[in-house]
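Right, I'll just put the structure down here and ask away after.
So that you can tell them apart, the chains are marked A, B and C in the order they are listed, and the count of residues begins at 1 in each.
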Amino acid sequence: MTGAPPIVEMTGISISFPGVKALDAVDFRLFPGEVHTLMGENGAGKSTLIKALTGVYKIDEGQILVAGEERRFGGTADAQAAGIATVYQEVNLCSNLSIGENVMLGHEVRGPFGINWKATHRAAADVLATLGLEQLDLRRPLATLSLAIQQLVAISRAMVTKPKVLILDEPTSSLDANEVANLFTVIRRLRDQGVAILFVTHFLDQVYAISDRITVLRNGGFVGEYPTRELDRTTLISKMIGKDFATLRSLGSERQSHHYEPRGEPLLKAEDLGRKGSSEPTDLELHQGEVLGLAGLLGSGRTELARLLYGADKPDSGTVWLRGKKTDIHNPTAALAHRIAFSSENRRDEGIIRDLTVRENLVLAVQAKRGWFRPLSRKEQDALVRKYLTELNVRPADPERPIKFLSGGNQQKVLLGRWLATEPDLLILDEPTRGIDVGAKAEIQAAVAALAAKGVAVVFISSELEEVVRLSDRIIVMKDHRKLAELENGPHVTAETIVAVIADEGDDEEGDSE
Amino acid sequence: MTDVASRLAARRGAIVRNQAFWGVIAIVLLLAVNVVADPGYLSIGYNSGHLSGNLIDILRASAPILMIAVGMCLVVATGGIDLSVGSIMVVAGAVSMELLSGMDGTTGDAALTLAIALGIATVLGAVNGVLVSVVGLQPFISTLVMMLAGRGIAKVITGGQNTTADNDSFAWLANGYVLGVPVVFLLAIVIVVLVALLVRRSALGLMLEAIGMDSRASRLAGVKRRSLQLTVYSVSGLLAGIAGVFATASVMTVDVSRTGYQLELDAILAVVIGGTSLAGGKFSIGGAVIGGLLIATLDKTVVFLGVPAAATPAFKAIVIVVLCLLQSERVRSLFRHRRALRAQSQKEAVAA
Amino acid sequence: MTVTTRPPTGSAPGTAPSLAERLGARLSARLSALPTVAALLIFVGMIIYGEAAYGRIVQFNTLSNLLVNNSHLIILAVGLTFVILTGGIDLSVGAVIAFSSVAGVMLSNAGWHPVAAVLVMVLIGSVLGLISGVLIQYFGVQPFIATLATMFLARGLASMLSTVPERLADDSAIRELATQLKIIDGDKVNDLVITPGVIAAIVIVVLGFLVLHRTRFGRTVYAIGGSEQSATLMGLPVPATKLGIYVISGTLAGIAAVVYTSRLGSAQNITGIGWELDAIAAVVIGGTLLTGGTGFVLGSVVGALVLGLMNVLITRDGGIRPEMTTIITGGILLVFVILQRVLAARRRATQG
């Protein structure tokens, strides 16, 4: 920011993997006391660059200078010794230990009789205090904390060694707005203390809220480095995807203009559907060909409600009528038999099966629905797979490739294919576009719109309110595990409308409690 | 031309990477060692209507191991393990001997006994299945409990004695011949083929692999994890029961402390030799069969060479270590590295 | 969610908010200690029941014998606690004892200096542990399979040395390690005695506790059990630690071999069969989760004593047939694992 020399200077970095050039002559600079965002689509090379800087990958060509000295990292420990600390997207802490133990693991204060726990806890408290987190109880087991707090503990831990560089790799992907605000307070505090911060995120709002400078990568190549205030959003996105993104924009307007009038009997009707501790009793109606958006912050109960509809969790109250008939959906098998499908927000652990091929992943649900003793013939499988790989534009369209080798967006498309192959009347999509690149996002949104046009009822959940507004006919706004409001979508409804609903409610509540 | 060559090389690579291939190599090597020790080792005789010879002995001895190895293979595919197969073997043997010793020795008695023994074995397997799938205990510990309890149950059944019985039909299962080949081996092969067909011709194999790879994702995809786990552990129990019948019928005696003792380890070993990872997922029944044959060959070879049978474990250890090393990334990349170096030096030689 | 600030230094105890807060933290931390407490209660309950039903339990010689006869099991359980805390398993300890003790006795009888013989016995354990550790850490072999290999190896090597009981010479100094030292001289034979073996066990328990709770090595053990991936990304020395715990487990098995051999005065290749299961059972009963990350050395000691006392009670009862022992062990194990399971579910629910 100032005239100070960069703390990290990477020039001409290239890394190749068998068959791919992951990074091609990329430059990157990081100055003390700045927040620098690394932007690019999935596969642009962001994580490869970070792994080069943290010593996970060895570079083939190029030079890394840290504080003016050339470094060759042989492993993560080398990078840490050079003053580079990293906090990853998935919280990498030990949930079986307490906050204090996690913060100080490997840096415990030792005395003549081994670890001096009193001094160790004191040191941990000091670190938390520098981040303004002194309210945390050091002895509390990590497992009892929310993900957001765990993320802050992870940052505290990274700061124990007093690093000069802090890398935050998508730390916000599972935080709600308040939690992000808390995190940003901490980040600003660190920046003001002179720490150089490298920040990676998919959320544009956050980029503009926190960063001073942006480096854009595309397809492993270096696009440019820009001060944030000189780069507007549209330009940034077009630099990231390398083309105009008008297709994305046009989609929403079309859908919003066609207003859907529910006719006749609802496909699904739920009364008092709920589960203790995760979802308050909720009423719900859903018609054929309708897209119902569930909006709300993370932890608002939208995922929990979706899981109840699918029987992924067992409801303990309420009644569900399906096509006018009282129905008991107590597990996923029953749901599939009633032509309900559910795509989980947790693509990695609850969606794809990494070691199975694209074909096997795609036919799994259909096969499970038919029962194992009525196998799909190879011919039927191939027909299904060909149909959905083409329809959803999965790349590479190789059915025998293990799905783990596909990008996130293409994995998501295969999963969508898995559910479509069961020919559902009701499709529940929980965050189908999270963490995938802009192109795949547009394709998935188009697929959802097409499904609704064909008469499928869709429940659509997303953290991106714009996306919910763009796609839904009706929107249920949720907070604190219950339904706040139900909005008929139309030209007058925008993301701000939903934010206002959530915020108003919050104000009321605070008023009540005081 | 180069295309064909590279495709051939890729094919060869796939074979070499296939762990069962190394199992076959190991069997051949062991047989070769025996031939060196006795050139007539492989000769097969024919007298009074049946084949005889060392190879036939190996086939006969492999039957119980094949049974439990196939059961274990299915359990391992779901990410589980079944430590109780040896104990279920002895329970089935104890039930059989105890029942037969009180009967007349007719074929009907044998059939009834067989049904009861296998029924009890299946129930014990199902108990494992319930503990794993319904109660949600780790397979390791559930089947460990059954392993401890099973041998105790067998001892209780026979009152701690080694019970002996007489029944020609029952003994025929283990000692008889059909077309000159031991019945027990034929039965084992028929059962293995049936299981393999059942698993691979239906979608059962895919379902088991899906559970083993990611049980949460497969549940949401509608795979019925509980009933499949219950099935797999029950089948493993049933197959262990058959193995127990094979093992006791050959001598018509159950030795409560030795029948099936530590055979669960042989079964696990056979599965691993066959290239199935203990972490679950992709499995190979054919591989498990090769693994079972290798273990039977190894057991017989050690005895044939005059090494005390008690020392057999040391040779099994060597087999495990060698196979695990061949499978490990570190050793593989070492090989790759060396091959690359050689290719490079060849190229340089050509250039020069 | 108003959590008061914890005073940075340990302030005077008794200030109201900090006390309540500390109590809450204590309680939530103690939920993981509940199985250990349950084991302790069961131990006490067994003593009371034994005293009431059979008498002569709460007296010096019974309790001394309990310690003396189970000191080797306690030592093994400490080693396995380390291993299981990381989420691993060590199946080799029983076989290590067999090899180590047979080798030790033969060396001693061959005229080796007793100190040298004892040293070799311990080192045999360390080396076998190292082999397991290298296979697991550097060749990516699953702990179950790697230690199965070491188990086979050790058992086979022991059998190659000898397959008959090897008696330690009557004048061997190793026997002195089992000398009974009277602490309290009771009436008749009712003395409180300990042996050097018991002292070794106590020292090992204390050291084990200190290492786990007061060294970075110990904290890394817990961290690996929580999440190995996290521990690696946190920059903790995961490879060295994992290697270390298997060496520790092997070494302690070597020490247990010394303690056991000195007491029995002989060794055999079939010594220690199934002891790995006893040790695992002791660890699990003592409250250590088989999945790793949670547990205590002291719990494992209680677990070992519960198993030991159970054997005493069964012998005293006389009415329980000895073949029931394994069924009862299995039953106790099952109860404790289900208890762990219920607690885990409870904890998950409160996190909701």
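A few remarks follow.
Heads up, the rule we're going with is that a residue touches a chain if its C-beta (ideal position, glycine included) is under 8 Å from a C-beta of that chain, and two chains touch if they have at least 3 such contacts.
This one's a predicted model, so the numbers in the text were calculated from it and none came from an experiment.
Simply put, of B-C and A-B, more C-beta pairs touch at B-C.
Ranking all chains by how far their C-alpha centres lie from the centre of subunit C, first place goes to A. Subunit A and subunit B have centres, each the mean of its CA atoms, that are 44 Å apart. Work out the mean CA point of subunit B and of subunit C, and you get 32 Å between them.
Residues of subunit B found to touch two or more other chains are absent. Residues 76-77, 80, 86, 88, 92-98, 101, 105-106, 108, 110, 113-115, 118, 122, 125-126, 134-141, 143-144, 157, 277-278 of subunit A are the ones that touch subunit C when the two sit in their complex. Against subunit A, the residues of subunit C that register as touching in their complex are 3-6, 8-10, 21-22, 25-26, 28-29, 210, 213-216, 219-220, 222-223, 225-227, 229-236, 293-294, 347, 349-352. Those residues of subunit A lying in contact with subunit B across their complex are 310, 312, 332-333, 335-336, 342, 344, 349-356, 360, 364-365, 367-376, 418, 422. Residues 81, 131, 135-138, 140-142, 144-149, 151-153, 155-156, 160, 256, 265, 268-269, 272, 278-279, 307-308, 310-318, 320-321, 324-325, 328-331 of subunit B are the ones touching subunit C in the complex. Across the interface of their complex, subunit A is touched by residues 201-204, 206-207, 209-210, 213-214, 216-224, 228, 281-282 of subunit B.
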